[in-house]
Amino acid sequence: MPLGGIIFLALFILAFGVFLIFLARKIGGRKPGPAVKFEAYECGITGVAKKDTKISVKFYLTAILFILFDIEIIFMYPWAVTYRDFIASGQGAFVLSAMFIFLAVFIFGLFWEIKSRALEWD
Amino acid sequence: MGKDTLEIAINGLKLVLIFLMMVQAVPILVWLERRGSAFIQNRFGPNRVGPLGLLQLLADAVKFLTKEDFYPRTAVKTLFYLAPVFALIPATLAFCAIPMSTPIQVAAFDAFGSSWGPYVFKIQGFDISVGIVYILGMSSLAAYTILMAGWGSGSKYSLLGALRASAQTISYELALGLSIVGVILLYGTFDLTSMIQAQEGALHFQMMGQTVTSQFLPNWGFFYQPLGAVLFFAATFAESNRLPFDLAEGEAELVAGFHTEYGGFKMLMFFIGEYGHMMVASGLFAAFYLGGYALPIPSWNPAAVLHWSTELLGSKESGSVLAAIIHFLSFNIKFGLLLWIFIWVRWTLPRFRYDQLMDLGWKTMLPWSLANAMITAVGVYLASVAMV
Amino acid sequence: MQSTSFLTEIGLSHYLVLSALLFVMGVATVLLRRNLIVILMGVELMLNAVNISFIAFSKYNDRVEGQLMVFFVMTIAAAEAAVGLAIAVSIFKRFKEVNIRFFEHLKG
Amino acid sequence: MADVIVFWFLALVTVGSGLAVVLLPNPIYCALCLAMTMVGVSALFVTLGAYFIAGVQLIVYAGAVLVLFTMVLMLFDLKSETNAFSRGVITGAIKVACAGVLSGLIAGAIVMTLGQRSSVVSPLAEKSAIDSTKALGKLLFQENVFAFEALGVLLLVIAVGTVSLARSKGGTHAKH
């Protein structure tokens, strides 16, 4: 496993990117302007304070459901990679049915989420 | 990384070269995208600077470099500046794990008073035997870039764009991960090179002890996993935030999504990240479903090409170099075609609405990729059991 | 001579000490911080520290069970984080507050 | 030699970013530093030969759980806390002392066991990544099938539970 290479490349890109940003800062500079120039973009009107930005709770609900389903998918990976070995040793039917029971739970969960309208965006 | 100093140095240089290759491919793709979109929409596109507008790339780079360095008053400067740098890392690290050609062999030689080699250099950044898991892990880190940029800008548009983009990315990661299960079941490995080797030769289906062989078609994964391939490709569009799934930067609603406040080189880095994800997706698709670097004719498999080039050039080493060049070109043709499809789709399909996007991800693609994995499992079982 | 071998020969003890350090950092996060979500992060840090020692023992005893245990721990940890954050978000929606000191004065 | 440098580098990264989690007052920086720790831990798993687990660590922890943490923190939009740490000299001192005693106990336990064992245990035969993954899969699906199915049910329960929690209006603790 070329861990050293991965770390080397990550650090190289980090250095490269930081260097480029500094270069662009040096060349581009930062010119003064009226105070409104340094406001965050707000369609041309004067910005108001950022308090109470209402963000739908759906975003985090999606993220939670993503975690749970992601783990179920991760469980399928070692299964998929050993599946042919199990078939060769005659345990294919057992492992297949074990996974199908697991998937039945998964599918039940997915349909429950759909039916309970947890995934509706309006 | 290597046995001795020379090998380590060459492998390190190779990584830097792959990174620079990705970086310099981006202006070319941008040019291709602008000219291609102009062609599709029956207009001219950039055609003033240089022949066919090719020098536009250079002009753009100069423009990006000389732009004023701007950050809004409300920005969190650390995150604002770090986000574009981090945008480069996951895509590049993931791309380095994709095999691009057959290895080059170097014979032993004497230099600097000691003997070196023999070496085998792979045309691949890192040879990772759990390649798929590594690539998925690396590309799942891309969500941080988006969140850092969105929150660091201190702008409402950026924050909303970032939340949308990350919710979309993670939703489609499920369909992506599940469609890959079919591929893993098919080849029984995580290693991309073994997958490509499994796709050599002529197409043959095994079912209940019968084998049907087609001499004309290559043994590509696409013929075993058509549904999986379509789902995988669609999910990668959403992963790389490309139209028709570029809700994060729907201009009419969110100005430019999470990079609203970015300009100049910082925005260029986000671009490199986005195109990097497209390249990872295209490279993975080629490796999973289109035989990777192998030529599309069954009898011209990598071993045969290596044999032919060795006969032609007389030595094993120069033969391996020629074979590597041939396979590299073959990989790049597939790679380029897939990237062109990314561009083509962008200028053909309209954008989805956000609820449609989420519905498609959770209620259509997730169940279908689940069905694909189950069908593949049953198919592999039936094909193997009757064989025994 | 002792010090160089400590630096150049990485053994089981190195991983265990690293794991212990991370675990203590997790404990310190849970004890010292007042933000509900940062406390949950401290719990994750502790679980990760334990995972390191599981994997280290698994490697140095040449048994795969340690890896399997880590797989299970990760699953449970992710589930715990999901539930913890769901509770944190519903608390935040109700009280607009994530500082645990605030909840000392609640009555059931 | 390269392995040694990699280990010390990773130890530095994990411990450094772990300390940042404890000490930084801004919770968003805490979450990002924790993500860095997770990536470092994943790389440590690679040095220990657990390749698949390292990938899972990257996908599940760094790619999912901490993205959720970061998203929730942005949802709350907490800039920086005025008082991030517990107040009170006595309670604070007790807590720091607790952490110190715990670290001392753990370090002592490790040192004492090391004295009994023969210095450094040598790692056994190096396995290829795919073999160790296959061994993991076989163990999971032959001897631990029940645990696997139980985890499936657990995940289902949690999926249902979190959706109900997210919808709840706050239970009996109504705010007046």
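Note that the chains take the letters A, B, C and D in the order they are written out, and that residue 1 is the start of every chain.
By definition in this document, a residue touches a chain if its C-beta (ideal position, glycine included) is under 8 Å from a C-beta of that chain, and two chains touch if they have at least 3 such contacts.
What you see is a predicted model; the values in this text were computed from it and never measured.
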Chain nearest the overall C-alpha centroid of the shown protein atoms: A
Pair joined by more contacting C-beta pairs (A-C or C-D): C-D
Interchain centroid distance [CA atoms averaged], chain A/chain C, Å: 21
CA centroid of chain C to CA centroid of chain D, Å: 4
Where chain A and chain B are represented by their mean Cα positions, the distance between them in whole Å: 17
Multi-partner residues of chain A (at least 2 other chains): 1, 4, 6, 50, 53, 55, 57, 59-60, 63-64, 66-71, 74-75, 77, 81, 85, 106, 113
Of all residues in chain D, the ones touching two or more other chains: 2, 51-52, 56-57, 59-60, 63-65, 67-68, 71-72, 74-75, 129-130, 133, 136, 140, 151, 155, 158, 162, 166
Interface hub residues of chain C, defined as touching at least two other chains: 74-75, 78-79, 81-82, 85-86, 89, 93
Pairs of chains found to touch, sorted by chain label: A-B, A-C, A-D, B-D, C-D
Touch list for chain D against partner chain B, complex: 2, 28, 32, 35, 39, 42, 51-52, 55-59, 62-64, 67, 70-71, 74-75, 128-130, 133
Contact set on chain A toward chain D in their complex: 1, 3-4, 6-7, 50, 53, 55, 57, 59-61, 63-72, 74-75, 77-79, 81-82, 85-86, 91, 95, 98, 101-102, 105-106, 108-109, 112-113, 116, 118
Touching residues (chain side chain C, partner chain A) in the complex: 74-75, 78-79, 81-82, 85-86, 89, 93
Chain D residues within the chain A interface of the complex: 2, 5-6, 9, 43, 46-47, 51-52, 56, 59-60, 63-65, 67-68, 71-72, 74-75, 77, 129-130, 133-134, 136-138, 140-142, 145, 148-149, 151-153, 155-156, 158-160, 162-163, 166
Chain D contact footprint on chain C (complex, rising order): 7-18, 20-29, 31-35, 37-38, 40-42, 44-45, 48, 51-52, 55-56, 58-62, 64-65, 67-68, 70-72, 74-79, 81-83, 85-90, 92-95, 98-99, 101, 106
